[in-house]
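Several structures are given next for inspection.
The following pair of complexes shares a single chain, chain A, combined with chain B in the former and chain C in the latter.
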Partner chain A sequence: MSARSLLVGPFNRVEGDLEIRLEIEDGHVRAAYANSPLFRGFEPMLQGKPPLDALTLTPRICGICSISQSAAAAQALCSVAGGAPAPEGALAAAILHAVENLCDHITHFNLFFCADFARPAYAARSWHPRATERFTAMKGSAVRACIEARAQLLHIVGLLGGKWPHTLAIQPGGVTRAPTLRDKARMASTLTAFRRYLESTVFGAPLEAFDALETVEALRGWTTGDAGLFLQISDDLGLQRMGPGPERYLSFGAYPLADGRSFGPGVWADGQLEPVDSATIREDLSHAWMLGDAAHPSAGRTVPDEDMADPAYSWCKAPRLAGRTVETGALARQVVDAHPLARAIIAGGSNVEARVIGRLLEIARTQLLLEAWVAQLKPEAVFMQPVDLPRNGTGEGLVEAARGALGHWVRLKDGVIDSYQIIAPTTWNFSPRDANGTPGPVEAALEGAFVPEAEDTPLSVQHIVRSFDPCMVCTVH
Partner chain B sequence: MSEIETFYDVMRRQGITRRSFMKYCSLTASALGLGPAFVPQIAHAMETKPRTPVIWVHGLECTCCSESFIRSAHPLAKDVVLSMISLDYDDTLMAAAGHAAEAAMMDTIEKYKGQYILAVEGNPPLNEDGMFCISGGKPFVEKLKMAAKDAKAVISWGACASYGCVQAAKPNPTQATPVHKVITDKPIIKVPGCPPIAEVMTGVITYMLTFDRMPELDRQGRPAMFYGQRIHDKCYRRAHFDAGQFVEEWDDEGARKGYCLYKMGCKGPTTYNACSTVRWNEGVSFPIQSGHGCIGCSEDGFWDQGTFYDRVTSLAQFGVEGNADSVGMAAAGVVGTGIAAHAAVSALKSAQAKAQSKPSTEEV
Partner chain C sequence: MSLLCAEAPSVFDLLAGAGISFLWHPALSEASGGEVRRLLDRVESGAETLDVLAVEGSILTGPKGTGRFQMLSGTGRSMLDWVRALAPRAGHVMAVGTCAAFGGVTSAGGNPASAVGLQYDGHHLGGALDAGFRAKHGLPVINVAGCPTHPDWVTETLLLLAADALNADALDSFARPKFYAENLVHHGCPKNEFYEYKASAQQLGQMGCMMEHLGCIGTQAIGDCNIRGWNGGGSCTRAGYPCINCTAPEFEEPKHGFTETPKFAGIPVGLPSDMPKAWFMALASLSKAATPPRIEKNATADRVKVLPKVRAEKP
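The block that comes next holds the complex of A and B.
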């Protein structure tokens, strides 16, 4: 019987700062505590500001998912006014947003997740030389190809949004730039080039073939591209048996267009798809360094506890949906959207491998969506409708960032922001314990993870934590 | 010093050919506004000088600066600069994790005492003894001070490190504080913007690595070569400003025609940055080109200047003409007079032609 406590962190190759305290017994994690050690206070600083300032300030919560924040802010303000964006503007906004999500997914796969396979600890594995050649941080051939392809793809955001990160183009009523026919042609050619990158490098086969996979057996038969290499590694390391999730999957639904959301909204639990009832969300503060009671974000407050009193251990609040933890992200989105492969790989519960496959699946599907959307764009259409903000009112903006469900809740009073609350995807996934002592999804996923005596930076912990693609700057904001 | 490789050694080791190396030198020269005569000088410096180590740390921020940086226009310039930095220490991109990473930073500081450049992304929050940003179990402000102590110079990346940026917005809950208010005994170069343009970042760092000195700075401590002009000075919509042609509301006829965004709150006239010349995402565009005004993100305090959609009212250059409306009116008046005069001249000529022509011809 041996017991020890281990502090893992700071995690590198993670957006923002993260520390995880592990209690280890007999070589396995008994309990985990996720701490987000960075607090900036966006919510209090938005109070008293003109409503439209949210469009500029909230994207700056995060340098990698700034368009998601921008889309959520625009939607929240639009819902205060009770209006809707111009349909063609919504389409342009969806293109901007999908490009960012796509970029985040390939960055996560190549730069953040697979880099761990190049570690010397795996030197004895048969796949190690190839993994090292492909994924070594900053040097691997896949890493370089990814950075290059991503920069090219972001030309689309350049064209429609002026710059990335921190694009300003998305507004409550649509977008600021009506794309021209020339823009449309350039976007189409950029997408052709990106498809070539995906098919030659990531999948090693047509995207449609990956999208058409329906069963675990079919997936295991995939051998081409870096996806094939990942599956080989995953099989060898047993990643499909690591990091179980709460088996409840939340998606607000991605890309709101005039005819609905392209990836549908819902909660998948116990083999059932239920609609999302955002009114049942509560943010629990019992283990966060925050003062106040559990509340729905429309009534929530953000008052940091300067004493950082026990038993709290993180700046992160603990959001719960109808009192329960949920997992959110690309996998959840694809499960909720009823993709057969996504449903198949979580038949025994979610895991490290399933989260990575969920992301790869979404990469393929998002590229297909983008190609269709760009072909549909009508340059002569109206891209922005006037939205008159009332001086008083409340609004809710629910979108899907790369890492999962993102919500903004705003209340206007006398023409300025009276309250602004944000729940980011990583707030759900990396939440601390709630008043019942129920750990957040990542904390629970780490329980039982194998930690050999000699490891101070346990590899299993790295894989599990990174499979959720944490974005810590969004988590606490 | 002798144990440190030269820049050229590093590049060769990264598999960069001599030809590419020379190309890089000429690109650098042009990016920095230097003539072709400087190319051999840059090449010589890179072949003979020991490379300057860089430590890159992150405080209270959103990592947008790193994100911008790894997307710089020329893959070669990015590879070269990135490979030089990668040898040392960077939080976001490096391979090592946890305590090994912290140890790597201490090693770099120890090994290159007084020789390395400290690049800071983000800033330290000082409230509650810095507890709002904890890195490696210690407040970031301590890590910053420790890393700065033996640095040759400090680069403040972005609006966060330079000025505080949005997290310093009223009421500045964490007392986010720009780097120069915490580190007071080192030369500091500010590269503001939210984020700064990738090419500006690579340009600044290449200049410092190549010439082993700071570029010329303006009075605010920004490199004059990139922050010497206002967005407005080189804006492609400037002609519409001068002609008094403005976008009046989103997606109106003026917006489609690319008129000036001044009335939509554009801060281009008061913002010093290279957006309108260098542009973003590999020269594709910049915010004004996307139909949204500039928010002035490279200027101190841009986050607390009232709404981003109010027009700038304190413009010095408007002293002469009043404001945009009267500029517009005046310009329209001039154009109108011009057209009238032109029309009068045409009529006169027509009359003369008629007088001189035979009655049988029908000239107009």
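The block that comes next holds the complex of A and C.
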């Protein structure tokens, strides 16, 4: 019997700051504690400000999920007014948002996740030379191809939204710029180029073929592109057996358009799809350095405990849906949206490989959505309609960031923001324990992970943590 | 992450081509955990040379001056402590983004986490580092301010530093590189013709100038956004929303809504840089009276409604 404790950090190639404390027994993680060691206080910052300032300030929570925050803020304010964006404005906002999500997914796959396969620790593996050539940090051929393709795809945001990140183009009533016929043609060309990148590099085959996969057997037969390389590596390392999730999947539904959300909303648990009841959300504060009691975000407060008293160990609150932990992200979104492959790969529970496959699947499907949206965009339409905010009222904005369910809850009083609460995807996935002692999803996923004596920054732990694609700056905000 | 939007060539090729390599970047490097802690120790002890320390994000000094709102994971030390330890070791120190430069958005509202910039606290000199701080090569903290900062502003600053071509004269009064700080966002703004006639947009989504009603301060804000362009040629004003002066200290607290213009007796409070008030008033009333119908109509439309007149062929 040997027992030790490990503090893992700084955690590279996750967005923002993360520290994980591991209790290890006999070479396996017995307990894990995820700490978000950065508190900035965006929620109290917004109190007393003009409501529309949320559109400028909340995107600046994060330099990678900026448009997601923007979309959630616009939707929350719109719901206070009981209004709706101009339908064509909603479509333009969806294009902006989907481009960001797509960029985040390819960045995660190529820069954040696969870089670990190039580590010298894997030098003896048959796939290592190829992984090194493709994924070595900042040098690999896949890494370079990815950032070039990504920068070009973001021209769509430059065109519609002025810049990335931190566009102010998305408003409660639509978008600030009516695209022209020429913009539409440029966006279509940009997407054609991006499809070429995806098909020649990431998938090595038509996107439709990946989208058409329905079974685990069919997936295991996929050998082309970096997706094929990943599957080969994953098989060898047993990533299917690492990092189990809570087997409850949450999606608020992505891309609200006039005829509904393109990826549907819901909670998938025990083989059943249920509607999301956001009224059952509570943020537990028992293990967060926060003062106050557990509350629904519409009644929640953010008052940091400056003494950082035990037993708390993170600035992150612990959101629970009907009292339980949930996993959120691309995999959850595709499971909830009933994609057969997503449902098939989680038959035995979610895992590191399934999360990566969920993201690859969503890359293919999002590109297809974008192509269809740009084709149907009507430059002659109205892209913004007036939404008059009342001086008093409450609103809720529920969207899907690349990393999962993102919610904004706002209350206006006498014409200014009285309360603003945010639950980001990684707040769900990387929450600390709750009052019942139930660990958050990543904490639970790490239990049982193999940790060799010699490792002070265990590889298994890194794979599991990065499989969730955490965005720690959004987590605590 | 805006850095990854650098193009022609990409950020990795651009920097590698100039002989610049990352000792460590939290989002891009392979090294993680223990490997990074050992690297930081070597830099702190002087065993590893640090040419440039580039810091993103404001430095949090709370709660109660401890810096514990922002701990560098795995080290048991605050970012405040690390910055103070590493900055004197660096040849140059760069604040990347307005938060790192001046405190920025993180210090908005009541500044709940007591955020400061590296060498400024808002307009005031002296932040996480003293007012008199100079890096090893003699420069104060170089403020590559912007929210976000333009990827080229970061890469070009690094290129100039690598070529030993950035001296104190190349920085403006807030230590921002002049190569982008010598311009106003107004320069090259596609709404310039509307500005000339004070033909104003009444609400977001309209084509007119946004100075009079929608909070645009591009005539006072430094930046070459409308010359250089973002993400293939965009900018805030090109996308139909106002410049909020994000390269400036304390832009996060405009004392009014970001998309509304404060006025006194119906006249915008902030005037264009370097313009005497009386002249502005005289020119504005004259040009407003002379606004051609095309410009007046288009100003409050969401797209061009009236085309420029095509000159008839000369007889």
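Here, the second predicted complex is superposed on the first by the 477 of 477 C-alpha atoms of A that agree within 3 Å, B and C clash if a C-alpha of one lies under 4 Å from a C-alpha of the other, contacts with A are read in each partner's own complex, and residues count from 1 in each chain.
Rule of thumb we're sticking to: a residue touches a chain if its C-beta (ideal position, glycine included) is under 8 Å from a C-beta of that chain, and two chains touch if they have at least 3 such contacts.
Everything quoted here is computed from the prediction, not taken from an experiment.
*Asks:* Could you classify chain B and chain C on chain A, in the superposed arrangement, as clash or fit?
*Replies:* Here chain B and chain C cannot both sit on chain A without a clash.
*Asks:* Examine A:Gly440 and indicate which partner it touches, taking first as chain B and second as chain C; both and neither are also allowed.
*Replies:* Neither chain B nor chain C is touched by A:Gly440.
*Asks:* Tell me which partner A:Leu18 touches in the superposition: chain B (first), chain C (second), both or neither.
*Replies:* In the superposition, A:Leu18 touches chain C alone.
*Asks:* For A:Leu160, select first, second, both or neither according to whether it touches chain B, chain C, the two together, or no partner.
*Replies:* In the superposed model, A:Leu160 contacts both chain B and chain C.
*Asks:* Can you list the residues of chain A that meet both chain B and chain C?
*Replies:* Residues common to the chain A contacts of chain C and of chain B are 7-15, 17, 19, 37-41, 44-45, 48-50, 52-53, 55-57, 60, 63-64, 111, 115, 118-119, 136-139, 144, 147-148, 150-152, 154-155, 157-169, 171, 173-178, 304, 306, 308, 315, 382-384, 386, 456-457, 462, listed in rising order.
*Asks:* Over in the complex, which chain C residues touch chain A? Could you list them?
*Replies:* 1-2, 4-7, 10-13, 22, 25-37, 60, 62-64, 68-76, 105-106, 108-113, 115, 147-148, 203-205, 225, 229-242, 244, 246, 252, 256-260, 302-303
*Asks:* What residues on chain B touch chain A, complex-wise?
*Replies:* 60-68, 70-71, 75, 78-79, 82-83, 86, 91-102, 125, 127-128, 131-137, 165-167, 169-174, 176, 194-195, 249-251, 255-256, 275, 280-282, 284-292, 295, 297, 303, 306-309
*Asks:* Within their complex, state which residues of chain A touch chain C.
*Replies:* For chain A paired with chain C, touching residues are 7-15, 17-19, 35, 37-41, 44-50, 52-53, 55-57, 60, 63-64, 107, 111-112, 115-116, 118-119, 136-139, 143-144, 147-148, 150-152, 154-155, 157-169, 171, 173-178, 180, 304, 306, 308, 315, 382-384, 386, 456-457, 462.
*Asks:* Taking the touch rule as given, give the residues of chain A at its contact with chain B in the complex, in rising order.
*Replies:* Those in contact with chain B are residues 7-17, 19, 37-42, 44-45, 48-50, 52-53, 55-57, 60-64, 66, 86, 89, 111, 115, 118-119, 136-139, 144, 147-148, 150-152, 154-155, 157-169, 171, 173-178, 304, 306, 308, 315, 382-384, 386, 456-457, 462, 473.
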